[in-house]
Each structure stands twice: as C-alpha cells, then as structure tokens.
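Both of the next two complexes hold subunit A, though its partner changes from subunit B to subunit C.
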Partner chain A sequence: MAGGRKKFVVGSFSDEKVLFPAVKNVRKAGYKIHDVYTPFPIHGLDHALGIRETSIHTAGFIYGTLGTATALGFISWIFTKSWPLNIGGKPHFALPAWIPITFELTVLFSAIGMTLTFCYLCTLAPFVKKHHFSLRATDDKFVMAIECTPNTSEAELQGFLNSAGAEDINIQEAETGWWIGRYDTEQKLYRDEVGF
Partner chain B sequence: MSLLKYESQIREPLVDGDKDYHQITEDIIGPIETNPSRLWYIGFTISVALLIFGVYSVYRDVAYGIGQWNLNKTIGWGWDITNFVWWIGIGHAGTLISAILLLFRQGWRTGVNRAAEAMTIFAVICAGQFPIWHMGRVWMAPFIFPYPNTRGPLWVNFNSPLLWDVFAVSTYFTVSLLFWYSGLIPDLATVRDRAKTKFRKLFYGVVAFGWTGSTKHWQRHESLSLVLAGLSTPLVLSVHTIVSFDFATSVIPGWHTTIFPPYFVAGAIFSGFAMVQTLLIIVRKVMNLQDYITIGHIEAMNKVIVLTGSIVGCAYLTELFVAWYGQNPYEWYAFKENRVNINSPYGWSYWLMMFCNVASPQVFWSQKLRRNVTFTFFMSIIVNIGMWYERFVIIVTSIYRDYLPSSWSTYYSPSIWELGFYLGTFGLFFTCFFIFAKFFPIIAVAEIKAILKTSGENYKAKMTQMEKEDAEKFYIEEVEHAH
Partner chain C sequence: MNQQFELPGAYKKWTMALLIAGVLALLWGLIMYHPTAHAGHGENVNSTRFWAVLLQNSTYWLLTVNASMFFICVTTMAHGGWQVAFRRVPEAISSLVPILGAITLIILMCIVFGGRTDIYHWLDKEAVAHDKILKGKEGFLNPGFFLIASTVSIGLWWLLGQKMRKFSLESDAMGTMDYETGKKWVWKNTVWASLFTVVFGLTVASTTPWLWLMSLDAHWYSTMYSWYTFASTFVSGLSLIGIFVIYLRNQNQLEYVTDEHLHDIGKFIFAFSIFWTYLWFSQYMLIWYSNQTEETRYFIDRIGTAEKSGPYHGLFFLNLILNFLCPLIILMKKSTKRNWTLMLFMCILVIFGQWINFYQMVMPGVLHENAQLMPFELGIAALFIGIIMWGVGRYITRNSLLAKNNPYLKESMIHHT
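Coming up: the complex of A and B.
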C-alpha cells in the first residue's frame, strides 16, 4: 500500500461547539477531511464526518459462535469418540455438564477475536509509528486534517479554516500508506450524503 | 458525548474544581512524570519484602511438599483455597464497575474504573497462585489443560467443576486483561505525547501501540468496549458461580446447597467493593486525586456495599433456615454444632463473619457515615476480614468434622508457611499496584474528559442555561441533522 507523500492542511479546535459546524462547513465546501483526531470519543462526530457505522460487533458475534462450536465439538468428540470415560454409568454425551466450559470459550473467543480485529483494523501494535498531526490531539485539542488535492489552494483553505474557528493552522506533508487506514474510501462525500 | 447528554442539576458533580481538558491531563498524568513520594517508596519496600517472604514460602512448598502446611486428614482444603476464593471475589468488583456499570450508564464509574480493573487483574493473579501451588507437584500443572498427549490420549474430565474453574478463571483473567488494556491505550498515548525524557518516549511509544485518536478508531473503540462489557457481565457472574460449584456439587454437609451461586456472587461484589474502597481512599490521598475520586464516588460505592452486604446476610439466614427445615441430620449438625454453637472449636469464626458482613455494613444506611472517608476506610477493612472469614467458615467448619467421628480433626491453625504464602500474595498484589500507580494513568483520562462537560463542577453550574439555549439549538441543528 505504498504511496507518495501527501499534503495536509491541519487546524486545531478547542471546543466541540465550534468543531461540529466547522466539520459541516468544510465538507459542504467540498474539501475532503482526512480525519479528526480527538482526545476522547465525541459521539456524533463519526456521523458528522460521514463515516459509516463500524461492524466490529458482528465480527465479535462470529468469533463467539466459533468458540461455542469449538467447545461443543471438541468435548463431544473426546467424550464420545476419543476417550469415552465411564463416570458412574452416566451418559457419555452429557450436554448440561458442558454448558459452563462452552460458555467460557464463547466469551474467550469473542473477546480475543474482537480485540485482535480491532488492533488489525486500527493498525495498533507495539513499535508501530504513525504520523501525528498534533501532539495535543491526545490532550485537549480536536485536530482536523484536510487532504490537499492538486486543485486545492492552500492559502484559501487556510483562510477558510481560520474563519471556521480553527487555531494553529499549518501545512504538513506526510507519507501516505498503511497508516492512513482504509476509511478514507468509506467516508461518503457530503454531496452524496445529502443527495444533490 | 459532551454536549449531547445532559445531567440533572440535582446530581452532584463527578469532577470537582475548575477543570478543563488540559487540566485533567495535568492532574492525572502529572504524578507519573515526577519522582514518587516517600510514602510510595515505603509502601513499595514493604510490599516487596512481603513478596520475598511469600516466594520463600512457596519455594519451601515445592522443595518439601505441602506437608509443611498444617492440613490434616479431613481438612484437605485449608487456608490456601480460602485465600483463592477470597482473592477471586475481590477481583469481581473491578469487572462490576467497568462492565456492569457501563451497561447501566453510571457516570461515576469513570473515576474509579481504571484502578478497579487493575485491582481485578492483580487479584486474579494472586488467586491463581493458590490452586497452582496447592498441587504440590507443580510441574504437573499443564495437565489441567486438555491437549493431545501420549497418555492414551487421556483427557481431562469436562464434567468436573474443578475443570470448569480452570476455564472460568483463565477466561476471566484474559478478558479482564484485554478490557483493561484496550481502555488504557488512548491514555498511554496521552502520556507518550507529553513525554520529555528518552525513556518515557520509548516506553510509552511502545505500549501505546501507535494510537492517534482518529475518529474512526474511537468509533471502533467504543464498540469494542461496549461488547466487551456485555461479555464480561455474564462472565463475572459465571466465574463465581463456577467457583461456588466447587463446593455446591459435592455432598459435604454445609457445602451441598443450591443457594451458593447467587450467594457467592453477591459476596464477591461485596468484598471487592470493600477492597476498592481500601485502595482508592489511599490513592486519592497519596496522589492528590480528590477532585476525581470524590466523596460522591465513595458514597456510591458504600451504597453498593450496604446492598450486597444485605444480600449476603439474607443468604446466610436462608442457608441456616433451610438446614433446619430440610431435616437432614448431618446438615443441621454442621450448621448448629460446627457453626452457630459459639463454644464449638470454630464457633467464634461464624459469629465474627456474621458481625463483619451482616451487622456492621448496616451502618451505611446513614448518609453521614457513607460520606465519612476515615470511617469508610475502617469499614472496608472490617468487610475484607469478614469476607475472608466467610470462606474460612464455609471450608473449615464443613470439613473438620467428618461423617466418622473417629476422624474428626484436631484444631487446625495455619503453619508459618501457609501464612507466609498468604502474606506473599499481599506483597504481589501491592507490588503490582504500586508499579501500576507509578507508571500508568490510574484514572481513565479520556473517559473523564468525556463526562467533564456534563458532570464537571464548573460546567454543571452553567448547565441550565446551556440546556435551554445553545446546546439544544446546537443539538437539533447540527448533530441530529448529521445523523
């Protein structure tokens, strides 16, 4: 997923009240917001950015059923085929006694699977280095990065951001590639979303 | 979240003082970046000393066998299993706070959840030591897991509650660890981005996993937390239920009761909250976090203590009633003579348990006492002692008198190495906790920021007006529209 270098115009906001209208106006004006980096989850910002709902919980459900199947399959194979143990003459296929382990494995598979999927999708791992547009994005600022296309006038965009309430506006160049993630393709354009 | 959710003015603020986002970072991350206080060094030294004593006791267990413990013919489960159940129970409060209170949308969990989750993990590590070293021949430990082998293949018994316990406790540990660490990642990134020294840049750079705070990542993070909370909730109930099955599925009078699962779960939460109180009352004082762990938080936890304490008390009385009503002479004897009779060898432990767990928490019906920090600290110790005795009573008083009077055991008291092992787990627990408090954000920074504008003292003051004017307008015009 190698790519060249891309230019971004970066602005910081310190209040959600200013950020939300700014997001809307920037998108309305036809600019492509690469991402907004925030120190904590802001509910509704994903929708404001036109990002689709995550389906990580569906993955969790699939991993869970995999865990259920593994536990039931493995235990019944062991107790009926591999090593049928006579426990006081009770049935070999003793389903009620297997419920606890089946439940535990369901939870275990789902939790591990979901967490790994989360790390994979967000490219989170030890020793991963990413481009940080602003160090204060993990402290107290909401940092908006707007991607520049060949047609973008940087000066105009900076002025626009300034009028939208952004502070500390600057231009940064960053390597494109795996760190960008794939959601830039899944983010709808504003005109598609409102339908004009 | 911040502007989109409003909180009633009647509720007291969860964050005291005049705070903004940056101030929260300073207050919570600040102590990580300075040298620890003298109190920290003293506490850490004592913990490590206890840990070393514990390691030596365990070394002797392996070298000489568990014969060095004072276990005897009928008391095959003594202090070690008591300690196992006690530690596991303590862990449960962490999951309750982080998972169940998340599902119930309780804002006050944000101040205490990180420390409580850490407590869960360390408590489960301590608990795990007891069954492992109780095996005596500890190199046989891997045989508790089912894996293809050359012994037949010979498999473990999947119908046995002891094996269920292996799965329950190891799953519980893994899921708690994932939940805790996934919550820590954004906060570790905050520490990383503030780091000045080379060591901190490297260390937090590695442990923060390259977190950037991207909107999409937060969206997935929220979803992950919610589903993990949903998974942990039945999990935590199942773990102590299964621990209680270790007893309840046997035919020992005093153990063979159907009330055990809910009784154990309530007891676990009860003791866990007491331990959270013990830890957090020290932490808020030593690390100066009174603005984040407020009297309101302490009061909320005391309410849980009085509730679960009453459930536990109700369970004790039900158990006693059923022993009498059930007309099983052996069971009634176990309750009447081994427990209730104060002149029997262990009668004192039953009444100590009754006093600590049933009578004493009732004082928390008084709001004045619920909001008294010193008194709460004292009570949390009482409850911890009481809950330890609950497990001791269940285990020892049920088995020291067998069906066969000739094998009734003489008085059981622990040897110095049994005691050493127990103290050693305290050392392990507090050593881990001190290291955690020094190097990791002990309060969930991002979560506190998310509730600041609804529950911060300074923001709450302006709330009524905001609700009427701009926030509502903002919500209707900007946010709902964007959905």
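Coming up: the complex of A and C.
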C-alpha cells in the first residue's frame, strides 16, 4: 500500500479555535489537505475536513451476520448431522440453547472484524511504520499536512499558512503510505543528530 | 423565548374522538359483559375479560407514563444535558401518573375487594388453604398487603415525580442562574431524582410487577419478570416521548430539538428493545432448559406444546417480531434514527408491540383460550391513549415548552452525537 514520495507543507496549530477557520480557509483556497493530526479526537473536525462518513459500520454488520451464520450453521451441523447427542431429551435442533453462542459469535466476529478493518484503513499494524509530520501531534499540537501538487507554489502556501495562524511551518518530503522497517529509511533519527 | 403553545384543532379532535370511543367501549363492557357477575374461574368469561382488559391497559399505560419520569431522573442523575431541549415533554407525560395511578388503583381495588378470584387466584381463601404453594405466598399475596403496597408505590411515584416537575417549573421564574444558584438547583434535582430512582427500583423493577401481573399466574414465578416488565414499559415510555417530541417539532415547537436529539432517542429505543429481548429470552430459555412442570406451565398456556399449539401461538411470535426484529433491523442504521417520519412510525409500532406484550402477559393466565382481541380491547386502549393525550395537552399548554433556565440548556442546544 505504498503511496509514493510526495512533498508536503506542514504547519502546527496550538488552538482549536484557530485550527477550524484555518481548515476552512485552506480548503476554500483550493489546497489539498492530506490530513490533520491531533493528540485527541476533535469533535466535528471530520466534517470540517470534508471527509466522507465512515462505512466501518457496514463492515461491522457484514461481519456480525457472518458470525451469526457461522454459529448457527456450525452448531446445527454438529448437533443434527455430525454428532447428534441426546441432551435431556431435548430435540436435536435445540435453537434456544444455541442463541447465547450465536450472540457471542456475532459480537466476536463484528468486534474483531471491525478492529482489523479499522487498522487496515488507518494502516496500523505491528512493525508497520508511517511518516511523522511532527511528533508534537502526539503531545500538544494540531498538525496540518498539505499536499503539494506540481502547480503549488510552496512559498505562497507557507505564507498562507502563516497568515492562517500556523506555527513551525516547514516543507517535508515524505512517504505517504506505510512500510515495514525502521524510521531511518525515512528520516534522520535523533541519535544521528549532530552533537548527540 | 417561546410563546405559549396552542393545541391545534386536530389534536383536540383526536383526543375527543379517542375518549369518546373509549368511554363507549367502557359502557359497552359495563352493560354487556356483566362486570359484577359471579367470579368463578371460567364461569362468566366476558366478566373476567372485562376486568382483565382493564387490568392490562391500566397497568401498561401507568407504567409507561411513569417510565418518562424515570427517564428524567436517570438523565438528571447522570448529569446529562442533551435531553433538556425537550425535557418538558417527558415532564408532561409523567404528569399523568396521578390520574392513571388513581384509575389503576381503583381497578385493582375493584378486582381485589370484589373478590375476583378469576383474575387473582390467590384471592380464593378456600383454594389457598388447600394449596401448599399459595399458602407459602400468602404473606405477600393477600388483599391487605396488596392494597398497602400498591397505594404506597403509586403515591411515591406521584409525590417524587411532582417534586421533580415542580423544580423544573420553578426554574422558569428564576431567571438565568449564576454558578452558585445553578449548582444548588442541580444538586437539589439530583437528590430527588436519586430518591425517585431508588423507589422506582424497589417498585417497578421488583415488587409492583410481582403483585399486579405475575400473581395472575399465582403458582408460577420468574426472577426475570420485573425487569422484563420494566424493560417493556421503559421502551414504550421512550417511544411515547419520541412521539410527542416529533409531533411538537412538526408543529414548529421545541426549536432547539435537532436530528441529534432524535438520533439519541432512537438509540435509546433501539438499545432498550434489545434489552427487553435479552430479558424475554433469558426468562424463556431458562424455563425451556430446565423443563420443570411448574415453570413450563407459563409457556404452555401461551405457545402450547409440540403436539398442540396454544391459542396465543401467533401472538407470542408477533410479540418478538414487533419488539425485537423490527427495532433491530429498522433502527440499526444511523439514517433511520434521524428520519422523523420513520421514527414516528417506529415509536407507534413499539408502543403497540409492547401493548401486545402486556396482552400476552395478562390474558393467557386468566382467560386461557377465551381471550379476544376485539373492538372492546382496542376501545379500552383508546380510552387510555385519549387520557394521555388530554393530560399532555393540558400540561404543555399551561407551561412553557422550553425549560429556558435549566443550566444544561446550552449543552442541549449544541448537542452533537
């Protein structure tokens, strides 16, 4: 799922009240926001960014249905075809007794399926690395990364971000997808800094 | 902010029509069904039917309107803010507790002190004397205790609910509250809401359904029964709130209620429908699994046996379709919970479904194969719906529809799910 190397103009914001108008203005000016990285979920940011409604609940429904079908299919096969047992004189096809298991498998399938789907969509997995635009996005800054197209004037965009209230504006060339390996393939590590 | 709401003519007309239909049904019952006829079991079927229908409807609608006060109290205790934009609606519905409570009490007393052994088998002193099981329950199932417990329960719902409504109405005249006043006001609300919830837990969620409904099948018992009844009436209570919120929004009232609020009401109905099913199923499965004669009796009266299906077979499964499958499938999607028309349809469906649920809780134990679902039954239901519409209309025209000084109002206005 490699996305290729691209150029980004990155700016950090320290206040939501500045971030929201900035998101709006940047989008209005026709720039393409790659993403906004925040230390915590911000209500309404997805709407401001114009991101479409997630379809993970549809996936969850499908996984859940799959769980129901697996449970009912498997248990009924075992108890009526493969290994019928007389349990307290109950009929072999004893639906009420299977409902708890069916319920549990439904929940289990949809929970695990949705988690994996979520991780896949967010490209999160063990050993998988992604580019950090600014580490302070994990602490106290809202980091906006704007993708540069061949027509983008970087200097103009930096000025625009500055007037929108961003700090620490810089230009980064980064891998947009994920990769397996170490961060030193992507960026200079702290231990390699001069004077470490 | 909000001008006083004038009831539209159509609302008054419908209220009147339902009340008239209900009164006619009641008169029909009084004249044709001989409510005072001798109460031997299975002797005067119509007489039994008359009281069973009144019992089913009065308990169902009373517990349903009382559930909206429970809704207010739990959201208050949770310091929830989202419901404030439409808080006057559950208040208006709960203002019917005294009226429906009095009606229910009268009906229950007529049954108990009229010696209706066909309804409550435990009233039959002779039968109890020779019956080991009923004798064991005599300390609980006797007219004196029944009278005291019912009166105290209804009285407490009334008093504590009245207090909660009073606080809310008082705040209208208090002006915008500063921090200290608001804190005191919220604390006062929290304390009384907690008291109500404790009383509610000790009555609706335990003793009340045992006394009023479970004792119809006097030999039988289920530890799930009260929660099952509570879940049933809470879902229908939420649906009743939903109906009035949607209606008033369509009348251009409740200006701060948005899709977000409707969405949350929808989530509540969805969640508690599933909760009801959970309890329904737990009760069913445990009895099915252990398969003991004294327990399976309850379900044999309803669905029958493998050889011979019972008279309530269809109703039993209709109950599951209306109260489980429909809410599960229709209310699962976000877009349906934000669709005002569909939500109105679902609210009505759920109220009807839970009414059917109460029907199959009451009738099989007392009427067996003689129960009917005829204009008389629906007419009595219309009477109670008419009373509820009248009472809600009275409350919302006398009081402002917006709790404008509630400290949580802003939180409700900007509510976003």
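Definition applied: the second predicted complex is superposed on the first by the 170 of 196 C-alpha atoms of A that agree within 3 Å, B and C clash if a C-alpha of one lies under 4 Å from a C-alpha of the other, contacts with A are read in each partner's own complex, and residues count from 1 in each chain.
As a working rule, contacts are C-beta pairs under 8 Å (C-beta built on N, C-alpha and C of every residue); 3 or more make two chains touch, one makes a residue touch a chain.
Only a predicted model underlies this, so the values are computations on that prediction, with no experimental measurement involved.
A.B. asks: State whether A:Trp98 touches subunit B only (first), subunit C only (second), both chains, or neither.
C.D. replies: After superposition on chain A, A:Trp98 lies in contact with subunit B alone.
A.B. asks: Could you say whether A:His43 touches subunit B, subunit C, both of them, or neither, answering first, second, both or neither?
C.D. replies: both
A.B. asks: Check the contacts made with subunit A and report whether subunit B or subunit C touches more of its residues.
C.D. replies: The larger set of subunit A residues in touch belongs to B.
A.B. asks: Identify the residues of subunit A that lie in both the subunit B contact region and the subunit C contact region.
C.D. replies: In subunit A, residues 43-44, 57, 90, 97, 100 are touched by subunit B and also by subunit C.
A.B. asks: In the complex of these two chains, what residues of subunit B are touching subunit A?
C.D. replies: 1-5, 20-22, 25, 146, 152-155, 157-159, 161, 163-164, 167-168, 171, 174-175, 178-179, 182, 185-186, 189-190, 192-194, 205-207, 209-224, 226-228, 231, 234-235, 238, 242, 245, 445-447, 449-450, 453, 470, 474, 478-479, 482-483
A.B. asks: Which of the residues in subunit A end up touching subunit B in this complex?
C.D. replies: Of all residues in subunit A, those touching subunit B are 14, 16-17, 20-21, 24, 35-49, 51, 53-54, 56-57, 60, 74-75, 78-79, 82-83, 85, 87, 90, 94, 97-98, 100-101, 103-105, 107-108, 110-112, 114-115, 118-119, 121-130, 132, 135-140, 143, 181, 183.
A.B. asks: Could you please specify the touching residues of subunit A with respect to subunit C in the complex?
C.D. replies: Touching subunit C: residues 43-44, 57, 61, 88-90, 96-97, 99-100 of subunit A.
A.B. asks: What residues of subunit C sit close enough to touch subunit A in their complex?
C.D. replies: 281, 284-285, 288-289, 291, 332, 334, 416
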